[in-house]
Amino acid sequence: MQMRIEAGNTLRHVFVQRKNGVYEVTIDGTTHHVDAVRIDPATLSLVVHDAAGGRRSLAAALSPGGAPGAVDVHVAGRRVPVQVQNGSGLGRRREAGATGSGPQRVLAPMPGKVVRVLVKPGDAVTARQGLVVVEAMKMENELRAARDGRVKDVSVVEGQSVDAGTVLVLVE
Amino acid sequence: MQMRIEAGNTLRHVFVQRKNGVYEVTIDGTTHHVDAVRIDPATLSLVVHDAAGGRRSLAAALSPGGAPGAVDVHVAGRRVPVQVQNGSGLGRRREAGATGSGPQRVLAPMPGKVVRVLVKPGDAVTARQGLVVVEAMKMENELRAARDGRVKDVSVVEGQSVDAGTVLVLVE
Amino acid sequence: MPITKVLIANRGEIAVRIIRACRDMGIATVAVYSDCDRAALHVRLADEAWPVGPNPPRESYLRIDTILDVARQSGADAVHPGYGFLAENEDFAAACRDAGLVFIGPSPEAITLMGSKTAARQAAIKAGVPVVPGTEEPLGDDVPDAEVLRIAEGIGYPLMLKAVAGGGGKGMRMVATPDELPGALRAARSEAGSAFGDSAVYLERRILSPRHIEVQLLGDHHGTVLPFVERECSIQRRHQKVIEESPSLAVSPALRRAMTSDAAAVARTVGYTNAGTIEFLLDEDGSYYFLEMNTRLQVEHPITEMVTGVDLVRWQIRIARGERLTLDPETLLIPRGHAVECRIYAEDPDSNFMPSPGRILGLRVPHGPGVRDDSGTYEGGEVPIYYDPMISKLITWGEDRDHALARMRRALAEYEVRGIKTTIPFFLWVLEDADFQASRFDTTFIDRKLGARQGAPLQAIDADHETLAVLAVALDQVTRTPAAARPAASRSLWTSRARHDALR
Amino acid sequence: MPITKVLIANRGEIAVRIIRACRDMGIATVAVYSDCDRAALHVRLADEAWPVGPNPPRESYLRIDTILDVARQSGADAVHPGYGFLAENEDFAAACRDAGLVFIGPSPEAITLMGSKTAARQAAIKAGVPVVPGTEEPLGDDVPDAEVLRIAEGIGYPLMLKAVAGGGGKGMRMVATPDELPGALRAARSEAGSAFGDSAVYLERRILSPRHIEVQLLGDHHGTVLPFVERECSIQRRHQKVIEESPSLAVSPALRRAMTSDAAAVARTVGYTNAGTIEFLLDEDGSYYFLEMNTRLQVEHPITEMVTGVDLVRWQIRIARGERLTLDPETLLIPRGHAVECRIYAEDPDSNFMPSPGRILGLRVPHGPGVRDDSGTYEGGEVPIYYDPMISKLITWGEDRDHALARMRRALAEYEVRGIKTTIPFFLWVLEDADFQASRFDTTFIDRKLGARQGAPLQAIDADHETLAVLAVALDQVTRTPAAARPAASRSLWTSRARHDALR
């Protein structure tokens, strides 16, 4: 079985075969010997044979990521976002849009109330600079710029209630 | 929706309709008002409106019983075996065979070793009398007669290893 | 006052906590729920459950009329408010009393009194307990700058200008030197005037590196008030406690005697009953100051339970039904071992702690020696957007602080929540910090440490993690046919599983 | 002897328990598993996992050679045997030592000595500790009946005839009166001869209504042996403990002093190190007798941990690496509150406790104050047919016994296991018993109470339960479309759930 899997912005070519009771997983030419069994529909128990002859035991739990083919893998205390590529090359990770080029639309992540607008059209902003503060779940949440740019439009005013997905600010 | 559901050896005619936001469940002419939501694929949260105007909260978890249509309902601290009847009248509970009439085949419930045979062909036995002791899971398990009868055949000897389902004794 | 059925005017983990205490005492429980909480854990665990309205708290959990109506219909004879919502609402406490219901908490009068910052401050002064040095009388518009400068000289710099009617940081200014004072005074008065319609301010010394130390109290209706060993609550993010522990390594036995007896003195001065907490600021030099009183059960009450063995909710109920406090005062002040609590929130610590509501697709809860998980949710449960996003409180106990922290690391590593993001990676990061491990911190610790990271991810993903993730995804695809991946001995059981699935 | 990596030569809940203690100490863990245990919880939680063979214990968990081979290959420097399997096998302890591995347990010599019933009895006598009155020397075939009758007169009736080489009840006879003796003697000698090749027997007084009381000990390599407050283990079904508690209501502080100091004396006599337990029979008149010593960690160790705050597994490891016992002896003998343990088995209590192996389709574990669940399994996990069917130990702690029992009832009621049958209904039944509640019992209690029921179901199903079950099944059918039954606020999330399912 052959797959293309992206993790950490690197696309890996993966080939799996079963041999002598374990799986041989070759990732970009490096072969790993792994025993895998399913714990529940979302969880695998892996025993990874290491080079020194060790048998490392890990549980890996998978949950759907934010886009088709995206998977969050909970393993070794981390949540690692992974993208499974299908043949036509569709299904790039959603985050790509946010950190790449092109205008950035800052959306309300949940229903709430705009308590502060920190920028106005024409302002130059730097990456991670606060743009709008939305109150939801009893907390104030500052929405920030993903990268440097200039505010093109502010679509909300202080005190306004917004639904999830409402465009708050446009940065370009 | 109309159903026939057996519990406690009594067949009940059940009719369900949704009315004013709750379910009206009529069991053999008595109507119960119940609010039901699903907690997970096997569990429902029920709020049962009682006659005095109370709102009793219960969780009911369902798991498959031993035969088609048989369901074990975990509710109010009990496991209640229930049988859902389908149109053709199939799917009687399996236990029916064990406590009803006809010869009783005493089977090994799991792989193990016969450590004692307590009866021989021709013996008269009474209900709950021990017939064979099988050791499995580090425990000795006494298999008993379901009802009064006479031993027709003993198919095993002491020390013999048996698989699950092996006929040990025939009582008629 | 016998209590046979308690209505719990709350939701989430604290409602579950109270239901369990009632069940231990053979007392029936009545849950209330808003629309989105119909499938919540507290509803399922209670004996009865009643709807109280739409999702916004103001239309459900804060509706005094509806909740009293449910109490009447359900035949409850007592009400437990939990924390938050109506817990410190004197009108609710009074309405319960007027309706003939036992309110499991302090009197409405005590709630009113200690709810006012200046009245609480005066109660502390009356009890002979130190408050942060400052002006006792309001400084109105008519007090000239020179007079304010003279008073400030007596208090010392840096100091805080605060609005008498204040709250939420409005009308508040830090003043580092005398020449900053006139400008700050003008600004604070103007802000206070427009925000509260009252421009009066007062001065308070600024404590530079305070620890937040608090003392749990129980008071019965027979005049007994008992303090408990302190809780260390300095680990706060934006003034919200996130990790608490008991005891505090900054509190010596002598200091403990002084602080706990002062705390009890404040409570006695106001005739306080039931559970309450006195909050102090502890300065680096060992001096401490009354800050405020919380007239309810605290979120972090379990750490006190772990080191004293006292079930505080059970005692709240016993006190409410008129029982005497029969606990041994001495044992309450001698902690047995050490306890730590992490408040697990549905927030993404790597996105500025943005709330992360939604369905919990997978949940594995830690177990084993020294671990307690007070959760309000379950696998498949929903974290709604309308309420505080805390999903659980993870508490560990150990023979000493290091042991408790080691168990916390173990428990956090076992904890798995899928479908939403949580603050678990944040806690694992804090637990690795050498200053935290050495108990070298004050209330500014977390904000300083987080600020220094400049948004770097709390739990870095390295090449090994990526390889493991790729292996997992590849093998998940390969083993999608369940039978392929199951050990041989299990296969026979897939028949019954399949039957089970067919039934769904 | 530094310990950096521990191989756990066991499975199930005790392997999980040991992994957690190692993790708390920063020690790496190596799990071993038989074929059917590949997906077991202990494998998943350990840092490393190695197969050791087919399912029958003799071919895997009892294979000393294979296990030592894994220890070598994995670089483990210590071995913890848990309980059962190789825990009391002196050859294994010696083989570990010979292989340069730290065996986390007593010396092979101590295991050998205390493993012999008569040698252990002699050690107790040497330590000045009472044993059940009886003959010290074997009575061979050559001792005439008249002589045995004379000896029996000195011991008193009723008495027990036991095989010197005995075990498993073989060659054992109860003798109520002198005229029964000659016949019983012939039968016992014959049975012992054919079972063990040694027909020698000895006489022991029969204690009519004994309680089973045991004392936990820790001994370090520097000569210190410390006893702990006793455990009450009289609630047994067919000589298997099913409920344990600490302390025992039958043991006064004075009796506790005597029993614990006697227990420590026996251990000191044999130079015992690491964890061990001395079992006593306690007679109705307050006299007690040494029964035997268990040279390992006991199943029921958590109740001692709950009332003393000591992590016994952690201390086993600390002792094994040469540390001194620095615990305060006095606090170990003063229980804080009360703890109870129920051993939850995959058995059907309404079918004569028939094992009920299989897949756990659904599992809800209790939580909250005072509850600890030491489990070896998980939802979706398999209870194999090859091993002890205990799936979990549920432990509760309370301020006193009634409180601990109330919490146990609450926790058992919250516990839900679907797919297999468990002994939970049995425990709920025992907890309702007035004699149990009053601590009026001896080791025959459960068998007598169960016998009196003549097979009547432990938890009766009444018309209300049937109605509720019918309602549940009917509404399950009606709400099979998930969206139909979900509260409105949840519906939007079914999209992501569906995506999740599509991925599987």
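Think of it as A, B, C and D in the order they're written, each chain with its own count starting at 1.
Going forward, a contact is a pair of C-beta atoms (placed from the backbone, for glycine too) under 8 Å apart; a residue touches a chain by one contact, two chains touch by 3 or more.
Bear in mind the structure is a predicted one, so any value in this text is a computation, not a measurement.
> Let me check something: if the centre of a chain is the mean of its CA atoms, which chain is farthest from subunit D?
A
> Which pair, A-D or A-C, has more C-beta contacts?
A-C
> Between subunit A and subunit B, tell me the centre distance in angstrom, where each centre is the average of that chain's C-alpha atoms.
It comes to 48 Å between the two C-alpha centres.
> Express in whole angstrom the distance between the two chain centres, defined as the mean CA positions of subunit C and subunit D.
The separation of the two C-alpha centroids amounts to 39 Å.
> Using the average of all C-alpha atoms in each chain as its centre, how far is it in Å between subunit A and subunit C?
Computed from C-alpha means, the inter-chain centre distance equals 31 Å.
> Which subunit C residues sit where two or more other chains touch them?
In subunit C, residues 38-39, 361, 364, 378, 413, 419, 486-487, 496, 500, 504 touch at least two other chains, as defined above.
> Would you please write down the residue numbers of subunit B that are in contact with two or more other chains?
Only 37-38, 42, 62-64, 71 qualify.
> Residue numbers of subunit B touching subunit C in their complex, please.
That would be residues 35, 37-42, 45, 47, 53-57, 59, 62-64, 68, 71 of subunit B.
> Which bits of subunit B are touching subunit D when the two form their complex?
Interface residues on the subunit B side: 1, 3, 5, 7-8, 10, 12, 14, 16, 18, 23, 25, 27, 32, 34, 36-38, 42-44, 46, 48, 58, 60-64, 71-80, 82, 84, 109-112, 128, 136-139, 141-142, 144.
> Can you list the subunit C residues touching subunit D in their complex?
Of all residues in subunit C, those touching subunit D are 16-17, 20-21, 23-26, 35-39, 45, 55, 302, 305, 309-311, 313, 336-337, 358-359, 361, 364-365, 367-375, 378, 382, 384, 397-399, 403, 406-407, 410, 413-414, 419, 480, 486-490, 493, 496-497, 500, 504.
> Spell out the part of subunit C that touches subunit A in their complex, as residue ranges.
347, 352-355, 357, 361-362, 364, 385-389, 413, 416, 418-419, 421, 425, 428, 454-455, 459, 461, 463-479, 482, 485-487
> Which residues of subunit D touch subunit A once you look at their complex with the stated criterion?
Listed in rising order, the residues of subunit D that touch subunit A are 31, 38-39, 43-44, 46-50, 73-75, 378-380, 496, 499-500, 503-504.
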